[in-house]
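One chain, chain A, appears in both complexes that follow, with chain B as partner in the first and chain C in the second.
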Partner chain A sequence: MTTLNTPQSIINKQPRSFLAGVLLDMCGRWGARVGLAWIGLVAFFAVFGPLVASSHPILWKTEDGLSSPMLEHLMPADVILLAMTFVAAVLLVCKWIHFGKRVLWFFAIGIVVSILSLVFIKPPQAIVYSQYREALTTEKADWAVMTIVPYSPTDRFREMEETRFLSPTSKHWMGTTGDGEDLCSRMIHACRIALAVGFLSTGIAIFIGVFIGGLMGYFSGWVDLLGMRLVEVFSSIPTIFLLITFVAFYGRNLYLMMIILGLTGWVGYAVFTRAEFLKLREQDFVQAAIACGLPLRSVLFKHMLPNGVTPVLVSASFGVAGAILTESTLSFLGLGLVDEPSWGQMLNQARGQGGVFTWWMAIYPGMAIFLTVFAYNLVGEALRDAIDPQLKKAAQL
Partner chain B sequence: MDNRFGFKDWIVCLLLVAILVTLWFKMIQDDRQWDKLAKIQNTLTSQSDELAQLSNKLASGIKVTGVTQSDAQSNANTSTSQGTQQDPFARVRAPMNEPDYASGDWLVYPFGSTVSKLTPMISSDVYQSVIEQHVIEQLANRDPITLEWQPMLAKSWSVSDDGLTIVFKLRDNVSFSDGKPFTSADVVFSYNWIMNPKVAAPRDRAYYDKVESVTAVGPYTVIFKLKETYFKGFDVCAGITILAKHFYGQFTEAQFNESTGLLFGTGPYKLAVAPQDWKPGEGKIELVRNDKYWGIAPALDRIVYREILDDNARLVAFRNGELDRYGPTPEQYVALKKDEQLNKDKQLFEFETITGGYRYIAWNQQLEGKPTIFADKRVRQAMTMLTNRDQMARNLMVGLATPCSSPFHRLGKQANPDVQLWPYSPDKAIALLKEAGFEDRDGDGVIESADGKQFTFKLIYPASSENYKQMAFYLKDAYARAGIAMEPDPLEWSIMIQRINQRKFDAMTLGWSGTIEGDPNQIFHSDQVADGGDNYIHYVNKELDKYIDAARINMNEDERMKLWHKVHAILHEDQPYTFLWTTKAVLYMDNRIKNVQRVKTGINELEEWYVPRKLQRWGL
Partner chain C sequence: MTQPPEFNSQPPEAKTQPLLRVENLAVSFDGPAGRVRAVNGVNLSIYPGQTLGVVGESGCGKSVSALSTLQLVPTPPGHFDSGSIWWNPGSEKTVSGTVSTGETPGETGSDPIDLLTLTEKQMQNIRGNDIAMIFQEPMTSLNPVYTVGEQILEAILLHQNVSRKQAVDIAIQALMDVGIADAASRLKVYPHQMSGGMRQRIMIAMALACQPKLLLADEPTTALDVTIQAQILELLRKLQAQRGMSIMLITHDLGVVAENADVVAVMYAGRVVEYGSVHDVFDNPLHPYTRGLFDSMPILGSSKHRLRTIEGNVPNPADLPTGCPFHPRCRSFEGDTHCTTNDPPLHEIAPGHWASCWHVDGHEQAKATRPDVTTVTQMHA
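On to the complex of A and B.
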């Protein structure tokens, strides 16, 4: 039994050890730590935003008894994110289960949870935020426990006369927007869009890019020739103008935007993967895998990909930053989402209708965009340094 | 090598000094020349001013002749004629008695978009019409105070009792800006040019479709014959764009259609360049005073229209004093009002006119052949009662808006004084919706009909406007109170127009501009549902059609107004639109421009303005 176990553990460890080493090395660099810390914060707000900033009380007592409007108003997306974060945390602790199995479990649970919440969670659509404040002042409700930021991102305080463009006070920590919403709450809720745009569009781009690039590199010859022409065609598409045209004709749709960003952004990844695969295909372990008669997908994605994916990961971190910037640009141009918050859209409002510069509308969203893009760049930089053996040697000297 | 500073260097130094001194003298001499020149120019302008005043005095001395009918409203048996004792230039002449009256200086006027065509008829640009009114005159104009028609190029006219025949007597002393006289042939040419199918003026042609023929009797009489009685028949005829036969006749239809700057007429101003040479996209359009003007010459030498596209850039230009006239957005107005120094330097006009138009929400009653939620009158009434127009006017329009109840302006005679606005009352609205079968049956916060149809809809509005966006959010929050889920859907302008023309929307919000006596036929008559008419909400009410038809052919003003009042009451009851508000216009004028006055149609024409000699800034 022991003789059988050893080679398997080697096979398991061999492809991972380089990646793991790179990741560990990267985390040792201070730039990456700062970057990861910021991304972690943004990710935290992306997941727990509805629990941090909401006009709905966490718990309140009315004539009908105790209830939690906040939980009743959670959207399916909120529930999915919260549940999946919980599942991920549990699975991380379960170290005795095989890693691949845990990933499989994660996705399986993810699909089930998504379907269940999309089918069963039906939050009220027409929301009157002022009802809570009115109930509390007219003593229809005895008490309420609010979230840290007690305002929802689309709460426009209609029961009050004028709340537009208020500068930061103790009540509204970051001031209010041109529609009278609390800026702090919008900043928190915009984290999800910033992250989603980056990850989804880059995910799609990597998937397509690695697939096409892998085929091009492995087969070379006329496949490579055709593939490179495709790359040239796609690299000449002006993404921003394409997005503007799509928004104009098919309306505002965040998912469409992400998909277009992904469909046009794969070129770089394809080129990187192709170069790596061209290098790897002549190497002994690939030849051995082919000689063993392994199927093509196994050779390509199980043996070659782990060895050639690192440069792609580096450029992916820059790609995420680029996607966030693109979304902000579109929102800034007024082509983004209508009601849901996004940093670029808030920055757009800073220009001020009345020719008055509202500094809080410029500084907070501007800093958020800057820091997030900066964080991704820091991580990417650290990743590249960790991978490049020559740089590593220079650092050690 | 010891002697570093020799005789030669002395000479060079001296020469240098000499050159500098000569330069200095030359500069002083130039300055003196400039002073002299300015003096000469000053005396010249003051002399030409005196000359102009003299000629104006001479002109006013000569009585403008015409048919003098003691009372325009007299009940003549065969025809009602209107006399012309009024002098069309009385208002231009009035400020000339002021001690500081002087001619000269320019007016700088900002445009928020570029003007691509100046040629009349083929341009649909609102800014083009602003320019055109100073270059091309009409047969008659509305008096800005009484709103009665007063003679302009025509010295008098008579209208037959059935309103089908209008005879204009033209002035014999009118000339175009090149000195050629204006005659009846030009009027006939203008009509024929509009009706020429090769000329790309479909909108004007549709308008003049009601005119059967235009004939000239002698050089100074023109007869318009209409096909059917129409209460605005006179407006149509008197408002015809006068094209000079000798000028426009030299172009073929194709040349005319492709032209950009063919703007030429009898007016007090003309283009600064030859009309054929004008090219769009230069950032500004300049008009200069027409030296050969047949009437009383205006005081301002030149009008400069500057094209500044960005809202904030326009505001900055105004703050820097580069603009003489500025209409701020509501938000800008709030900020500008707080600026004391600026308010000292500018005159502020806040006014509401009948022609100001109104803003509305249109409820589409039929979508893809099926009636929508809004086909029920009670639902539309409820939607109106859910809209807190007072609060929106106060906050979004910063008090510049007044809620309205119909397309007829409350200051006009067409409005029915008995109609009361629908109140803001969510409770009543919810009760009405319940009566119409909408209530929350499944506890999800959104009301639905008995067969489970959720009350959700999309509101389309132009994406470029921040004001419309804020309004859409207001409405969304207001409707949520009754359990109605509304989704704001901003669209690009061209896409929005396309969607409206295809009638593919649930609800939309926009504004209509107004006229002195509006014709609701275009928007609310059931005839206008088909063929791309402006009744894009599929609103059909046969009783309303009857009243509109009756009013349109009634030439008696009192009877017509009674019919319009009925129309108003029906529109109020049916609420095909939720009529939101009429707006006040805000206008800042530079302080140096004098005799800017409020009149019924807004502010008076710039031909009546002047700048005292001491305050003049441009052109000297």
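On to the complex of A and C.
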């Protein structure tokens, strides 16, 4: 019998999947590193915001003994985010468990944690920020350990004289807003909305777009015809106007905003996926998969999707940036959230209220929006280059 | 058109019924130039344990005939105009030890079933399980994002009622059967880490892991270099002998056919022009097209004169010549109106040797008495 022998070195080399190779290549590019570093910073603040900027002391000693007002005042959302970050970190370390199983575990734990924290975590409703400062000055409390930025985003310093529109000082690093809130704290707490809007709306859009685009590309024929008409209908909807209309009728709701952004933003992904699937359908390995008798579900989503999803990921990174911009635009127009800080809303306040232009209210949120969008674009570009090295060569010529 | 030629090179006791019988198959495709017939009345049959070699130029309908067998022809552009493909697996397989849900009537008995009438769901039970296929390009036939093991395991787990652990054992055995050393560790390797010959072996292992009765090999060695080609063909021969499966070997390499096939079907412009045992066809080619193919083959050591070519090009299937589609390129054509007006049927010139040409010796009788199915059956009974 003839046998083929491969050099031992090839066998011993740890095989690497296509996606892992692409991600490693991407992370080797400086653009992606800069972008990922910034996104990482934003993500860090999104998760650890309440631990970084809060008027509640981390730990203080009063007549009642030691206590941690900050932990007591954590919202269910804060707890879920913190817990899930911890779970994700632990699961990342558990390399010996199969990847799919770890993803499954992550979601299972996520659901349990969410339900538990929504049921059991009841932070005090009335929050009086001034109590801490009063207690410290009247020596009711012996000492207190504060967070790095010792102000909550909604702390308006009611007991103090005038804290509105203070330019940056050593006390308020980025100045204060028209309501007398600390801008730095608001910036940090706005990271969560910036990330959530980007990821959730793009996630919804990708899910719908890949599904419809995949069916269109695989079946072609009348499915394609119908799908393309649907794409045309949806791409003719003006997103901003739709959002404004919904805000007018249903009030300001972040989740509604994300869903609308997702429901109108899928057309690009659908067209991308369709083109990829049209190409992939003729590929030998897809024909081989069908000839093996694999069911359609497996052929479509197991064999074709991983090979066709990379260009979608590239455009998704640009889509996340676009969603952040849209949210900023809405907030700038005064149609965003009221009680929660967002970068666009701060930009809006920069030119209003006092009748004076407050530069710190424009520079810091403006830079944050710019840097975040820029970071996503850098990552997207690096991802594209990593997937298709020829494209990069062509771009350099 | 004509009768389905039935031919069997196996000893009579092995001959029962053909495993696969393609009857008057016609497939067309919608294109920019309108509907085009790619396959026009093809008749073939394959008996258990037999290798049928299908030869012809590119675009003559070889691959479409094979793909039709598994209903792999994409049906928005493609159309099955007529014909049927009878699959007669005998009494075993299909049902035994597989995922068959009993939805497929007629699968259990020995009644032949028409593969073209099966639903997609019923087809999935046939594909990979009863009829497997290997493709021309081993470099692109494996999914680049999964390891070799994951891909073989998926096929095995789909068709056989085994645990994952047993499936791994079956996969390792399948890799060892195709001559891959160190099979267990090779399961964890991605396709891009392997050479073309190795990948084709993997493809064969994957196709044969479920013990199919028929293997459709669509130019399995075209993309490989000559030494690997020889190894792969030897491997196929060996596996065929071990398992008694049938092979439909599609190729345009006459040398490959001569060495591997029992029966040869020469195709031209979507129809079978010559059909017979490999000895008959190679020793005594009847159709001018077949003779042209042999003339255009270089013979090692004889460089005395230029090779003879077949003049002209393959006709555009959208605009076939009237009458015999080969007549504009035919050396035997002498302005005969018969050739330009009537499409010659495939008729039996000598026992077990069919050709479709008006100029072949004995065509006069053939015109008068075209053998039908019964006469053929009597001949081989």
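Here, the second predicted complex is superposed on the first by the 372 of 397 C-alpha atoms of A that agree within 3 Å, B and C clash if a C-alpha of one lies under 4 Å from a C-alpha of the other, contacts with A are read in each partner's own complex, and residues count from 1 in each chain.
We adopt the following convention: a contact is a pair of C-beta atoms (placed from the backbone, for glycine too) under 8 Å apart; a residue touches a chain by one contact, two chains touch by 3 or more.
Just so we're clear, the structure is a prediction, and the values are computed from it rather than from any experiment.
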Touched partner set for A:F249, first chain B, second chain C, both or neither: first
Which of chain B and chain C A:S298 touches, first, second, both or neither: second
Partner chain in contact with A:P306 - chain B first, chain C second, else both or neither: second
Which of chain B and chain C A:S220 touches, first, second, both or neither: second
First, second, both or neither for A:A288, with chain B first and chain C second: second
Touching partner for A:G65 - first (chain B), second (chain C), both, neither: neither
In the superposition, chain B vs chain C on chain A residues touched: C
Footprint of chain A on chain B - complex, ascending: 311-312, 315-316, 329, 331-336, 391, 394-395, 444-446, 456, 463-464, 466, 469-470, 473-474, 476-485, 488-492, 495
Chain A to chain B touching residues, read off their complex: 122, 124-128, 156, 158, 161-162, 164, 178-179, 248-249, 251-252, 334-335, 338-339, 351-356
Of all residues in chain C, those that touch chain A in their complex: 70, 72, 74, 76, 120, 123-129, 132-137, 140-145, 147, 154-155, 158-159, 179-182, 185-186, 188-190, 193-195, 197-198, 201, 203, 206-207, 231, 234-235, 238
Of chain A, residues touching chain C in the complex: 1-6, 10-11, 13, 15-19, 219-221, 281, 283-285, 287-296, 298, 302-303, 306-307
